[in-house]
């Protein structure tokens, strides 16, 4: 049973945090889409709003009419069953609606949602969709930060997003191996009351061989050793398609690393900074994380190993690549209808990442949370932890 | 000899007209680049300013330092000899400098230019570069209007640029054939005093066979007859690469034509309007102009025929496609140095257009003016006049 | 310990079977490469020969010199550590060496290999490489048949490869569900004496939930029901990238299905034939296998479920898509050196297939054999078995 | 009036010369298509045969039925009005019909054509189509030689086509400038009796300014000076799209030039040979010819200048790039029907070449002959002659 008051608080806080994130932008920053994976911030603002309008207001608020019926076309993302949409690569071609018009749309929908939440006794089913909408918007908050980082970090002027934004804390402890004995372990989300995504559900047993997992994330210093040892030139460390990828894209360092006058700098949301050797390395693809582990004679953990061991180390700075492909858990079933498109349809050709990052919204992760990306992507705050 | 006062007036008027054109935009409209041929308006504002800074101020105003040395990288267009540049397809990925920062840059350079113009006796050579810079900016004024039309006209919301913008006047006269006898005619710009581009110079003789040229542009009504007669499906009317182009791009009508409830509408800078059958047809590629002429059993004039006959008809509403490929005139020589890149390097694979359009800036065309575009492009206000 | 006599027999039989497969071809059929995944038959002939020359003769036969040093460049496939190579998409551009020259190369290497095998006491290590070379060639025998099928089956003349080639036998038994109780099962190859690939090694425990698996492969009739029910148009059945794939490639049926006068025909290695509704469906991508299972409300088995249950059903007609991504087994280690490129570097973005097909060479599969392909590929004899 | 006996001789000689050209090939050489512009030799054999079957036999020989109706699909090239066709880039994917089957098809059609020619009184119109078919086949004879050169010259084994094939003779005379006074000159084919293509017809007047044209082709030695002076790195010498082209394709020398142990070799139809400094340079694109002329401070002649002066110099070794774009002559009209596709539909984005080359078939050129190619193509025996 979702508590109505808690839901109103969740909704309000979520909506205002999104706006706080965007408050540091110039109008122009809201508009551009430098690569297909990065969406314009104003699209995120509109899309998260469209979600509530389409899946909550239009179905549950009597007499509600779409704020502007053409917005459905502009702000739908990938819900094929919810109508036509602007193709993803064209989002950055739309100067209208303007930023201010999108904020008007947000304000309107937020008010109508509060009207619905405050003046109606909602069914559990409707409350669940609203709760999902909030978590959906939290996911877009992280995407907003990483997309903004891409937009500003690839601009030749390297503008600052927000002075003082901290992208890491150093882990001031010696590297050690945590040992986990062989055995049967339980994996997945079990508590029916708490929120979770469909892809975490179906708690189930797995058998694990004995393994060791590091208590620390890999640092910039360690990664630099790999680079200086010629890691990017040793073919046997790389997957075949990784090798093609680094050559086609001329990859020789993590994203946002710039060599300035012979020393490494890193673009951060607080601007260009000297590389801190003790910081956890970030903005790596799975391919690079794997090659680094090969070079060390070690490996990445599976998502099951990670979940089983996670109580024994600190996590939360970097999304941690695992060796696991993103697949359905036993007995996974898609939710019915349009919301069934949420997770299941991406369960091929992607790798699972566990934990969360400095860009993740508060209360948006869990030990069972399964994030996933294609193996070449690295504009998220990704990192790695070794196992053996 | 260029008159200094006239030059100051030309400079001031040119700079302010550019800003007037942009005054109808929202900030977001300045930023996007929906196709590679269309540049973001703020790029035009910066590029025309960069031209004066690079080719005039840095070479002639003592002690002048670049307003921001990184802008050279952002606002260079195609002058390979003038340093590195953002590749053309990436212009729409840059949210910074912001629109307001670009206006500050403009203001700074305009003031310094006026300082230079008003307080110095400039050599004829320098005055010529300034004059060229003004004509260069006039070219970008037309591009601004056509790029804005593309940005707004391809937005699903079809926003208005400026109420009351007139894209044509109807030609209220019967179609007639103007007859020109065979003979030797003089072609090209002769007056050394007046401004012209390098590609018009070298007045020279050509021999023309007797021909007839229409006193009127082809109208929407006539073009619609071609469409309704299945013109787009008759392979023998089309060049081989035109046939491929219409199929790959699913072209079945001029650009900006939309069929709404079974009747044709046209996006104009004043918004969506009913198609006026008497208006001169526009936004055609050369391929379509050629196919239309084939269908009529007629042809396009050459640029020499057009120039020879132009005194006997009204022109100025549409850039008129000619059959002539864009080639150097006899004895054409490139200007030395970077400005030599201005015209000559485009003299392959393009077709000449003559006249001017409703989007052309005042005093920016001449009977000898040679415009040129690749044969598939149609976001300019192009049109056609028949010959036989 | 590999028995020398058995190894000679294996070598001779393997070499002659390859040549038997090709004996049904015209010279022209050996040369073409209609898509990047399909190699010209003469390339297979040369590549399997180059393998023995490079990894056996040049390292172990005293005084052996390369038959033609330029062939290394022509016939290397993906061994990055073994020198430069013709890029894969260019193999079909090479008319030389001719087919007859490639057979001469084969004959030379086969004779030298027999010389080595018959007149020397070889170390276990060398015998293992020879054994691997034979199994490598067996893999190429299956590729030869499927590549030939692609070459002939996409030719507008639909030529016959070999009259009487049988692509299936019908399974004349009622469909039933085999039930497997939950428990810990052993997976992977254990017998150190028998040949296996590196990717099967490391026998290890897995925990399986209770499940049911079909005793029969899905038939053409069942798949046709899916097609006729509009399976290819129901977005919720498909992965997101599958949906893009079927639209970009206009996929509406398995590969080699042709609708002729309103009834379905299928290209087989014996030519075009009427579709047999009872035959096991084949030439499906993983995407299609998955969508079919979704439509039935069922799923594909994992590779562990398949391996555990396989003794209780007949298999061997079709490579069976599983839900498992191709990943390393616990404690997987690459063999050292160039042969380490054999399997490990493909362990990303591919799906495991189990069993074998009508095109698989004799004695070339095992219950633990792990085949793998990208999820969109379907020129192999793929099929599916349902689980729940 | 075409003389029947002469026509039979023309037909026989043409058919047998095609076969003589191919007699030096291996079967495999007939099959491949390394780039889209190069067709497999067996396609040329079939296509020239299909031309006679489709445009002559099927329309004029009573009771003639297509040898194999499916061949129309395989061997049609670009006649959109003559039915579906294999797309050009797929010709190299077809192993069938085999070379021997194509020769059977040729033999059959040749015999039926001789039957028609020898036993019937043919109308002038039919004789003209046969004559056109012979000239069409002569064009394909030159393409055969240049396509074979591409196929063998890009094979890493560099096989010889025919020992003793001479690709040039050196011009043993001093370079001089031929002066032509200004005036009105006649251009185009006039003799109604002799064969010519539609694009040469319409003899007409042009006015030429006084000019000078070289008596010699540019040599390898001269071109090497341009290369050694850094010609490929000086942006101001190149058209904008040429500059992009040389960078995308990493062009730094004419085609078929290979640097072996610090000295230049050239692949010829007789195999790899040392570069002869006195030989006329060949296998240049228009872009390179233009850049070379710019570097010399000179230019290419127009096609009118070339035709007017051609009696005063030797030509015939190289197709000579001109500055002229390929456009219709005044009063050009397409022939009616399918044969109207012959020339007119290519009159955009191509450059005219004049003369002929060492690969041109006997009696296949004239002073008025207009060859044409896209400016980046260079697998023909192209060259250049300077003008000023």
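Lettered A, B, C and D in written order, each chain numbered from 1.
Just so it is clear, a residue touches a chain if its C-beta (ideal position, glycine included) is under 8 Å from a C-beta of that chain, and two chains touch if they have at least 3 such contacts.
Everything numeric here is computed off the predicted structure, so don't read it as measured data.
A.B. asks: Under the document's definition of touching, what chains do chain A and chain C have as common neighbours?
C.D. replies: none
A.B. asks: What is the chain whose Cα centroid lies farthest from the Cα centroid of chain D?
C.D. replies: Between chain D and the rest, the longest centre separation is with A.
A.B. asks: Out of A-B, B-D or C-D, find the interface that copies A-C, where copy means more than half of the contact pairs are identical.
C.D. replies: Of the listed options, the interface copy of A-C is B-D.
A.B. asks: Specify, for the interface formed by the sequence copies chain A and chain B, whether it is same or different in terms of residue numbers shared by both sides, with half as the dividing line.
C.D. replies: Same, since most residue numbers here occur in both copies.
A.B. asks: How big is the gap, in whole Å, between where the Cα atoms of chain A centre and where those of chain B centre?
C.D. replies: 45
A.B. asks: Suppose each chain is reduced to the average of its Cα coordinates; what separation in Å results between chain B and chain C?
C.D. replies: Taking the mean C-alpha position of each chain, the two centres sit 58 Å apart.
A.B. asks: Touching two or more other chains, which residues of chain C qualify?
C.D. replies: Residues: none.
A.B. asks: Using the contact rule from the top, write out all pairs of chains that touch.
C.D. replies: Pairs of chains that touch one another: A-B, A-C, B-D, C-D.
A.B. asks: What residues of chain B sit close enough to touch chain D in their complex?
C.D. replies: The contact residues of chain B facing chain D are 78, 80-81, 184, 204-207, 209, 211, 235-236, 238-243, 286-287, 290, 299, 323-325, 327-328, 330-331, 334, 340-341, 345-349, 351, 375.
A.B. asks: Under the touch definition given earlier, write down the residues of chain D that touch chain C in their complex.
C.D. replies: So the residues of chain D in touch with chain C come to 26-34, 42, 70, 73-74, 86, 90, 92-99, 151-152, 154-157, 159.
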